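Structures given as structure tokens follow.
Next, two complexes with chain A in common: one pairs it with chain B, the other with chain C.
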Partner chain A sequence: MVNTLAPKAPAPRPLGRRPASPAVEGRARHRRQSVVAYLFLTPALLFFAVFLILPLGFALLLSLSRWTGFDLGDIDPVGLDNFAALFADGATFLTPVLTNTLLFALGTVALALAGSVLVATCVDRLRFQGLWRTLYFLPIVTTVVAVGNVWKYMYEPGGLVNGVLNALGFGSVAFLADPDTALPSVIVVHAWASLGSAILILTAGLKSIPESYYEAAALDGAGPATVFRKITLPLLRPSLLFVCVTQFLTGLQSFALISVMTKGGPGDATAVAALEMYRRAFSYGDWGTASAAAFVLFAVVLAVTLAQLWLFRRKGEDA
Partner chain B sequence: MTSYGRRRAGLSRRTVALALPSALLGCAAPHRGTGRPGDSVVLTLLSHYASGALRTALQGPVDEWNATHDRVKVRTTAVEFSDLLTTFMVRQAAGRGADILQPYCLWTGQLVRAGVLRPAPSGHAGEIRRGYGTAAAGSASFGGRVYGYPTEAQTYALYYNRRLLREAGVGTPPRTWRELEETARRTTRRDRYGNSLVQGFGLSTYDDSTTVGLTLALLSAAGGRFVTADGRSTALDSPAGRAVLGLQRRLVDAGASDPGVNVYQAFPSGQVAMVVGAGWWTDSLKSVMGAAYRDVGVAPLPVPEPGDRPATLATGFLLGVNTACEHPAEAWEFLRWLNAEKVPVRDARVTRMSALQVSVGSLTGRADDMRALLGRGGDPNLRPFLDALAYAVPEPNGPGAQQAKSLLRKNIEALWTGQQSVAESLRAVRRQVDQEVARSW
Partner chain C sequence: MGRGRFPFWAYLVVATGAVLTVVPFLDMVMTSFKGPGESGTLPYHFLPKTFDLSNYQAAVRQLNLPVLFRNSVVATAVITGSVLLTSSLAGYALAKLRFPGRQFVFRLVLSTMMFPPFLFFIPHFLILVHWPLAGGNDLLGRGGAGLTVSIAALAVPFLVNGFGIFLTRQFMLGIPDEVLEAARIDGAGEFTVWWRIVVPQTRPLLVTLGLLTFVDAWNEYIWALLVSTANPDVMTLPVGIQLLQDHVDPARTMPIVMAGLVLSVLPVLALFLLLQKHYIRGVMLSGLK
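What follows is the complex of A and B.
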């Protein structure tokens, strides 16, 4: 087989012809290599074109049109009307839907990050670390429907959580039926369910911190809190950034867990953007505002992610 | 070329581009037949009768049709109800829509506006108007035109647990709202931690039926309506609307209702004394409760004051023909055979659909069929639902009906959970529903 990407040995000079300059040869070789590279990339590019660019373009078209979802020839352009409808007076998309989405994502990140840092640090000092990591990873491999239903039963008035509260002498709490507690209750479940992957990443990050730093700190007489604050946390920053960004993205796009546990209720207490989009498209046949909502959510996700990256990089430079 | 001409050309190109995937999918569509000898027309029927008794019940008459008709055959496909509308959408957009559809009547306006449902030919429309009750025929109509044969018809009535009422010293089910509140208070029981042991009157945020269905049934009983006669704006913000939401709020405040409880589980377990529900539930209760079903009674929906005219809500499904169906005459003929042709069943002459529905514990909007079938050993608990067919009000089914229903549900839940007052709920429903429904028309 000929390796077309390998540099070729200089060819013998042909008789009677003027030799090509090295620059021309280099350009030709570069062109050949580019063609081969693009050929290898073609399947992946085609895949992205079919499953990413086309749907994205179609969604953009729908966000500027009215479509009931039944007949592709029935798409009616309406300009920015769908975006205006999302933010019109009395519309629920900005408040409470988008607000709930941000609160849900923030709450999940805060809980999952704090919990995973704590657990990962503890696991890093234990024996049988693989076993502990596996245990914490189990919720990730369990289906969201099962997780949601189990927690739903645990939260019910006669469920495990209220049983514990009753045993401690407290009254029952209608966790999912009370609008004040419904969103925090779902946030706890989502954070719990996403703890496993965060722990995996953070334990890998902890392993990459050189032991010599801890030894030096011990020689200087630094306490555990100082070591954690001055050594562990700063050196864990890349892993924390990754966990933070991915958890936030997952939180902003969350759908299945809320659909199983509360269906967005009671009232609008747990309504989030992805659920609202699904309802508008598949239940109401309003694909225009559903697509417009998707682009608004995309803008929010992009803005939040860029803000996170900027914040972490700035802190990195300061450090 | 004029600007209009350019626009038309642009739309045409876009339509072609968008329709290309559908056309490609269409190429892979199965052969539907021509109707010539040896090449039967095959009609597809998509319903939500996906499992168990419902699937078997529908397959029986379809098999009978296929055995007795050579030129036209019918093939059934089914999905769960929760996937039904989505399946209609996806298959229709891909050019693979079923010839015969069985949508929920709530979606009639939405499907008509989307150009999915074909109006019934005049002969069939006349047969439907003559053969069915007003509520059933109204559920299958939109804008004054009939779009299909009504199949199962559901009316709402009061389910009650005789044992729980007896233990609370109540001999008969309530007939007025005052009696309803009193009975609810007397039957309610809680433990010392506030957990509900018995909910006097079942208000549950569980699904559309337990929130919106119940509310609209009570609203009908109070003489009110959710939307105006033309279906274009909400009419809930009225004395009747205030009375219904006020009743619900008082029940929650008194602790007689616990919206967080799933009544579909709690009532069969003897943890709910009374609940408003649709007729389909009787069959499910029988199988879940076993011998304890003898404690279940059904009474007409209580009215606000003694002497008020009875009224309740009617919902249902219809069997209609897709606009994309290539053999509409054959499809309508099959529907007439299934829904209008009378055959002998248990010493009575009823339609195949009526026999089918009663066999699964449900009803059709053909009151004469229902009386003939239920008069011969049927469940007496179905009678109040049957009687209600005469005075029930059909559920609004305009183009934005599903969205209006969801918005109403959110605000009812907000009322039940103390997020909104009665006045705030009524105002929010009016503002939100009017805005969204206006976009649908």
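What follows is the complex of A and C.
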């Protein structure tokens, strides 16, 4: 019955089924459409009820309780004790865990932003852009277990990175085993893995800058550095903001890579908040403080995101 | 040509970056061919002495690769199918049907994207463990292992995706109402309109969404690790390979781990190379990769 239709040419109404009043028909159809709509939405709404709203409530309850994890009747409310425990004297959550988290996010954003601006402005001038994009995209479609293990292996004394250092006459570096170099080492890997999408967004942003601006600048005799500072960078702002915010978001919550490469070690050198939450919950069964840690991290994520949006907007008004 | 002042430097920068991106993958492949005593020893050699396939045989044996593959395939297929189905159903209702509460439901869908995944690991796991009347649990969710005994546990928390619904709805807004109206006047029910007109017109977007979901589900690690800890029978590829490398002497097992990694990365890499336009469009739309 569907193959009879042509767009924008409504078929004539079948005579036999014409109802008495258009208003009555409209209302009936409206009601029928509402029922169908909720039928179509049922799977999604059921899912959100059980796997979004219920878990959020449950997590909030756990963050305010002490619980052994077995009988749901044994949940023991303790008020804000779990949050207090996270920030008590001698607790590791504020330093080094939250500090590591911020350093990790800041480091990856800085590296990924610098690298992607450099590569994107260069790629924009080349042919075979699709080929380059494909290469830079390989890490993004690769599982974190592969990325983490390959880099972990490359950082080892007998691995590729030290092999290159030795060949150049430098001594070996114990990248992941030394508390001083462990965090920077995983930051490099995370930035390496997220470069492709940042380049993609920035390349799209560069394409939207009108060619005539560059031509006008060339006529005025502006050098490449001036063109970059006065034209490219300001007009790339929306894309830069987007990359910045999304990379910060993923950087603050990421822990799969660290759990594969260092498990937070050596000591607490690479322990980040989400990993700490995971360990407290699933290694120690400390559901209360783990849930509290999750909400604290959530608050940090929200605050950092809003701060960036505010900063960029304020700067935009100044310019 | 206003932008093309320094193509030589541009080539140098882009090519250097590309080499740095690809070298770890090559190192993975090369290591997977290295024989015993060839990896992790000084001095470092990039190329293996012989292209030894025994690591691949060992990976298939030690990792129980067929089972890992099956679990990964089942979980990925179920997640992708469910996300596509639920997104196109809900997206159609939100884009093209009028009903009371539409604004509210749409805002709810938008708000689901605000919550980061780490908030849900703990409650999701506990909800599955205490799922009523499953895996030996009573009506109150006590006594057994709940849904964690089943392979369904791998897929359940990912069956619906708020971002997928949002994306589908935005795309479906562009389908002209006249076409749907004409079909309804011809006597087509809403389900027919959805399946015969709306879904075919949404195909390009569904391919993109399906591909993004597939890659994410195939590569998922943290949740699969949790579920596999509770029930090793449902272990997926990434988890199996990670656990192997955790438990055995790294000097001897690294080549085997790398062989397993090559095998697990290949399917998704092939799919990406085949459909990369769709995938890259998806990353443009989501930005959160």
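Just so it is clear, the second predicted complex is superposed on the first by the 269 of 319 C-alpha atoms of A that agree within 3 Å, B and C clash if a C-alpha of one lies under 4 Å from a C-alpha of the other, contacts with A are read in each partner's own complex, and residues count from 1 in each chain.
Going forward, contacts are C-beta pairs under 8 Å (C-beta built on N, C-alpha and C of every residue); 3 or more make two chains touch, one makes a residue touch a chain.
Quick caveat, the model's predicted, so the values are computed rather than measured.
Of the two partner chains, chain C is the only one touched by A:Arg125; chain B is not.
Once chain A of one complex is fitted onto chain A of the other, the partner contacts of A:Ala85 are limited to chain B, with no touch recorded for chain C. Measured by the number of chain A residues touched, the leading partner among chain B and chain C is C. In the superposition on chain A, contact of A:Phe104 is made with neither chain B nor chain C. Contacts of A:Phe93 after superposition on the shared chain: neither chain B nor chain C is touched. Within the superposed three-chain model, A:Ala37 lies in touch with chain C and out of touch with chain B [touch as defined at top]. Contact with chain C, but none with chain B, is seen for A:Glu211 once the two complexes are overlaid on the shared chain. By the touch criterion stated above, A:Phe248 is placed in contact with neither chain B nor chain C.
Contacts of A:Asn166 after superposition on the shared chain: both chain B and chain C are touched. Using the contact criterion defined above for the overlaid structures, shared-chain residue A:Asp71 touches chain B and also reaches chain C.
Common to the chain B and chain C interfaces on chain A are residues 69-72, 156-158, 162, 166, 282. Residues 14-15, 18-19, 21-22, 85-86, 88-89, 92-93, 110-111, 113-116, 193-196, 205, 258-261, 400, 402-403, 406, 409-411, 413-414, 416-420, 431-432, 435-436, 439-440 of chain B are the ones touching chain A in the complex.
The part of chain A that touches chain B in the complex is made up of residues 68-75, 85, 88, 90-92, 156-158, 162, 165-166, 170-172, 174, 176-179, 264-269, 271, 279-280, 282-286. Residues 1-2, 4-11, 13-14, 30, 33-34, 36-38, 40-41, 43-45, 47-48, 50-52, 54-56, 58-59, 62, 69-72, 115, 118-119, 121-126, 132-147, 149-151, 153-154, 156-160, 162-163, 166, 192, 194-197, 200-201, 204, 211, 214-215, 217-218, 224, 242, 246, 249-250, 253, 255-256, 259-260, 274, 277-278, 281-282, 287, 290-291, 294-295, 297-298, 301 of chain A are the ones that touch chain C when the two sit in their complex.
Residues 2-7, 9-11, 13-14, 17-18, 20-25, 27-28, 31, 39-46, 85-86, 89-90, 92-94, 97-100, 102, 105, 108-109, 112, 115-127, 130, 140-142, 156-157, 159-160, 162, 165, 176, 178-179, 181-183, 185-188, 190-192, 194, 196-197, 215, 218-219, 221-222, 226, 229, 237-239, 241-242, 245, 250, 254, 257-258, 261, 264-265, 268-269, 272-273, 276, 279-280, 283-284, 287-289 of chain C touch chain A in their complex.
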